[in-house]
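Note that chain A is present in both complexes that follow, paired respectively with chain B and with chain C.
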Partner chain A sequence: MIRRVWREDFRIIGYYTGLVTIGVGLLMLVPMVTSLVFREWASALDFAISAALTLLVGYVLVLISRTKSTPGLTHAMVIAAGSWLVAMVLSGVPYMLSGHSESFLDACFDTMSGYTTTGIFLLQDLDHISQGLNMWRHLLTYVGGQGIVVLALTFLIGSTGGAFKIMVGEGKEEKLEPNVRHIAVLIWRISLIYLGVGTVALGLIAIANGIKPSLAFFHGAYVFMSAWSTGGFAPYSQNMLYYHSSAMEIASMVFFILGSFNFALHYAIWSGNRREILRNVEIVSFTITVLTTFSLVCLALMQRGVYPDAVALFRRGFFQLVSGHTTTGQSNIYARTFVREWGPLGMLATTIAMAIGASAASTGGGFKGLRMGIIVKGIATDIRKLLSPERAVVTGHYHHLHDNTLTDSVVKGAAVIVVLYVLIYVVGAVVGMAYGYPMVDAFFESVSAGSNTGLSCGVTQASMPTLLKIVYMLEMWMGRLEFLSVFTLFGFIATSFRSMRVRKAAV
Partner chain B sequence: MKKLCAVLIIVALAVLIVAPVSASAVQPPLLSTNELVENSYKWDGQTVSFKGEILQDLMVREDGTWMNLSDGNNTAMGVFVPKGVAMPVISRTEDYRTVGDVVLITGVFHRVCAQHEGETDIHAVSVTVLTPGSAKANPIRLGRAVWFVVLAGLLGLVMWLYYRKPGRGTEH
Partner chain C sequence: MEERTRTKRTTSFRRDLLGMLTEVAFVGSLIGLGFLISWLFFMGR
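Our next item is the complex of A and B:
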């Protein structure tokens, strides 16, 4: 039986959503300062207006929802899903004020893409936006990768009873430490250390490539934030092609592979458990699926004679494939090259890699390697059961941080999520095909949105149908939050209406 | 004599008419990024012309200079100017406050460049500045400044209301 919704429920949800909104408002000060540094006065004012508006909304929410109650699981899920929507809308204000978005829907599309670390965009004339807006785009994707709620928990909430549930709602279910604030701090510590190292490394490469030192470290920071969060944005429309640099691509690839790993795996390695990287089921699954899909890409590219030699094939083919598999979406070929040169097999292999995606509790999207590993091991265990004598007890195991027994409920849980991902991929593709896009293109783009990858074969454009934009936005949102919190939000809204009707009838 | 004059006039006219056609026939076609990418096999290895605004970074390398030319909304092409090709003085490159120089280049288009590990690029054989860059206006709009003042005032009021009472936080 579903419980009724009371005023206190709204208070709890409003209060925590308000805190997250305040976090978003404070975050807008970073691009504002960036614009001031580059003397982009109009852009700085746009961010000042956006920050004031966002902070105002946040403070109004916490003021009217002031409560001392602790969120339960339902609240946590609604807060996680709802906060992302509120953040998406308010973060779109600077886009709209910049004049580079054709509509507010397009602005929201871009912020949803940023927060969910997808990377497709509808922004107009990207090559002429301010440094402030570029900083904002990349900051969104960096914060989205770690989780907005994680940010708010770290900096705004002193003690955090019930907060772990909100993190679960945001797709960060690994409990690395007993105290949730410690988990949040840990995730941010890992990310900030990598941010420092990555910005310096990529900045130095940019200088070596001939970019002015005053700009090189901004390029370094942007590319790092995009790579580490498996986001896929870049400061210019050519994406990684802008740099004409294999060193930049290799360094970025290292960071997006690291970003696609489970935070728990990072923690295990940082804690001295280095053998975990060789035994972890997600790493094994990732290695196998990368090799398989890359073999298909090589076959497709060689059949069509796309690249003149192995070096070119590896540099373009491997980068694109791994960028897709880690759900990053950075690109060192033009979007239309997929359609014009890679052909259906190359696109299909990339689509499969994107669909599988990165590791659980990472910055990446897709089904996740953990679920792939569990399902494959589950199938193998069932086959072993069929081949064994009836009295034999056959149990499967998988290694993720420690040895785990493969129970039916674990396999079922993984399978349900995979089925839901497939469902959103198919729905997005069918809507695309209904608008006349070829099947391969429609599937490629839909899987890219649903798995939060961001590679594009040219479907995503400001001129695309409005319904398709909305479908892709829903795919990005659901794919990033892994469904549960989104479904809970829908359920909460429906229950709220029912409770109102019941109360009215009682009066 | 009359006949001779008439013949000469006809020949002269014919030369005047045909000459520009012949000249334009040797001029490489002016193409866009979209045209080159969509028909990459057709233009691969061909000499083409390309016009665009120089994006922010001119990247000088050992064997030449890379520049990215923007030729429309979210379309740009990488152009490699090898050492030895005369590079004009570039006064400005693009940034938020600056319109970069618009240049016309002639060069060989590569669908997958063998020298640059499969990159889609143009190797320039000539570079000409068509329009020098200029500063862009970056004015603060009064209406927006007023909006900011109003929002900041409201924010101050709400923050005062929130922080004036003790025990604003949650208990866990």
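Our next item is the complex of A and C:
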């Protein structure tokens, strides 16, 4: 822990944040090229200006804080949380220049939603934005899913000392390989192979649905990036409803369920340990909670007679529920359908699914299946202890990659993070209710933001109160980084001010 | 040497493909279970 902040601390943080910023600037070249391909000159210029600005900021940061020191845990946490804020602000510049955002706050809301793979947005006239901006939105969500620090680690950061700590700060705490750069490369390898397969599969479905071949593969790439990163964006305002295609919905569903899996699980299965998929505590927990919450959704929709047959119930109900549970947020119904047709029980079941969320060290958000599994196993072990003779030694176990012993500290660690998630869900909902939104709607939208899902029941709009926008942005940021790095950043800022005061007093 | 590299690459490709197919098969089964639940709710109406 840092008791006083020294110039070297700022240097380390500035240097690594600068590298991440350069990574973001280089990334802006992709939408710029997309705009050039589609002859969108104004949009290409927007991205050229934004890339130049971002690269300049990154370069200046690296130049003024050049250091050879390796980051400690506190630095790593601050770099992770700070990089996401810097990336959010600079990535909002093309949004603002496009004229489709009503304010810079709205632009930052959208980039925060993109990076955190949430999927709610305030962009205006989405159906008429440039292909370049559409590429940027989906790229943000794709890169955010893998982790922007992971991106920088793969391509920019030469020294890997301390780098694993930065990844932990970004919520990717699984150590798959001893070398952190190998972990980052591994994450990208799996993601890029699926990107190729997904783009071709979804592109072919788009062609079969009558979309021009020149555009179909872009749609394929957009929908894949949104699904795999459990982001929830789509090229048009009607989201998946635009395609009116069950094939597109099922293919997308396959990719977002896959995207919600732990990267360590992908690695284990791809390394030949294929039985892991049936034994892993996260997958068992995910399967049970998906089927339970979907049964509740079915009950709600059957009571209200919303859908005429099993196929319609499955197509709308299961897609929406799994989209919520994997914290994707893609939608094949209108936002207000939740309120008008699904009713409180349907919305409650979806809210529970969103709150639980995806797997740890995945692209998804929420409590995470691993923590749910650990807590449930912890409760079961405690009950077994109570029922056993006093002298009996009762220990719990859970299977995640290998058999693990359930210790009190593991259960406590999981419970603390779950409590923090509940806290941000409640705070967001209370602020929503204070602005007059009904309780069910306020909770639905708050949990959607905090768990980085992105399903909306109609609360998120450009006209919503500014404070609510800021609260949702904080929820998205904290939820994605799983609190610790954000709290460390706040602590670091407070310590910096205290150190400044101490120095002034000494002078 | 070249032969060994080629064999290694083929093994790696096969492993990746089998891994991907395992994952897709699992997800397919989960989606199938979802359809079964919808169908059972309609049958039990």
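Just so we're on the same page, the second predicted complex is superposed on the first by the 505 of 507 C-alpha atoms of A that agree within 3 Å, B and C clash if a C-alpha of one lies under 4 Å from a C-alpha of the other, contacts with A are read in each partner's own complex, and residues count from 1 in each chain.
Going forward, a residue touches a chain if its C-beta (ideal position, glycine included) is under 8 Å from a C-beta of that chain, and two chains touch if they have at least 3 such contacts.
Nothing here was measured: the structure is a model prediction, and the numbers come from that model.
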Taking the superposition as given, does A:266 touch the first partner, chain B, the second, chain C, both, or neither?
second
Which superposed partner A:309 touches (first chain B, second chain C, both, neither):
both
For A:322 in the superposed arrangement: first (chain B), second (chain C), both or neither?
second
Based on the superposed arrangement, let me know which partner A:46 touches: chain B (first), chain C (second), both, or neither?
first
Contacts of A:87 with chain B and chain C, given as first, second, both or neither:
neither
With the two complexes superposed on chain A, say which partner A:274 touches: chain B (first), chain C (second), both, or neither.
second
In the overlaid three-chain picture, which partner chain does A:299 touch, first (chain B) or second (chain C), both, or neither?
second
Touching A:193 in the superposition: chain B (first), chain C (second), both, neither?
second
Between chain B and chain C, more residues of chain A are touched by B
Taking the stated contact definition, name every residue in chain A that is touched by chain B in one complex and by chain C in the other, in rising order.
309, 311, 313
Residue numbers of chain B touching chain A in their complex, please.
37-38, 40-41, 55-61, 65-66, 68, 70, 73-76, 78, 80, 94-97, 111-112, 114, 116-121, 138-141, 144-145, 147-148, 151-152, 154-155, 158-159, 161-162, 167-172
Residue positions on chain A within touch of chain C in the complex are 193-194, 197, 250, 253-254, 257-258, 261, 266, 269-272, 274, 277-278, 283, 287, 290-291, 294-295, 298-299, 302, 309-311, 313-314, 317-318, 322
If we count contacts the way the header does, which residues on chain C are in touch with chain A in the complex?
15-16, 18-20, 22-24, 26-28, 30-31, 33-35, 37-39, 41-42, 45
Please give the residue numbers of chain A that touch chain B in the complex, ascending.
15, 38-43, 45-46, 48-49, 52-53, 55-56, 59-60, 62-63, 66-70, 97, 123-131, 157-163, 209-212, 215, 236-238, 241-244, 246, 306-309, 311-313, 315-316, 332-334, 336-337, 340-341
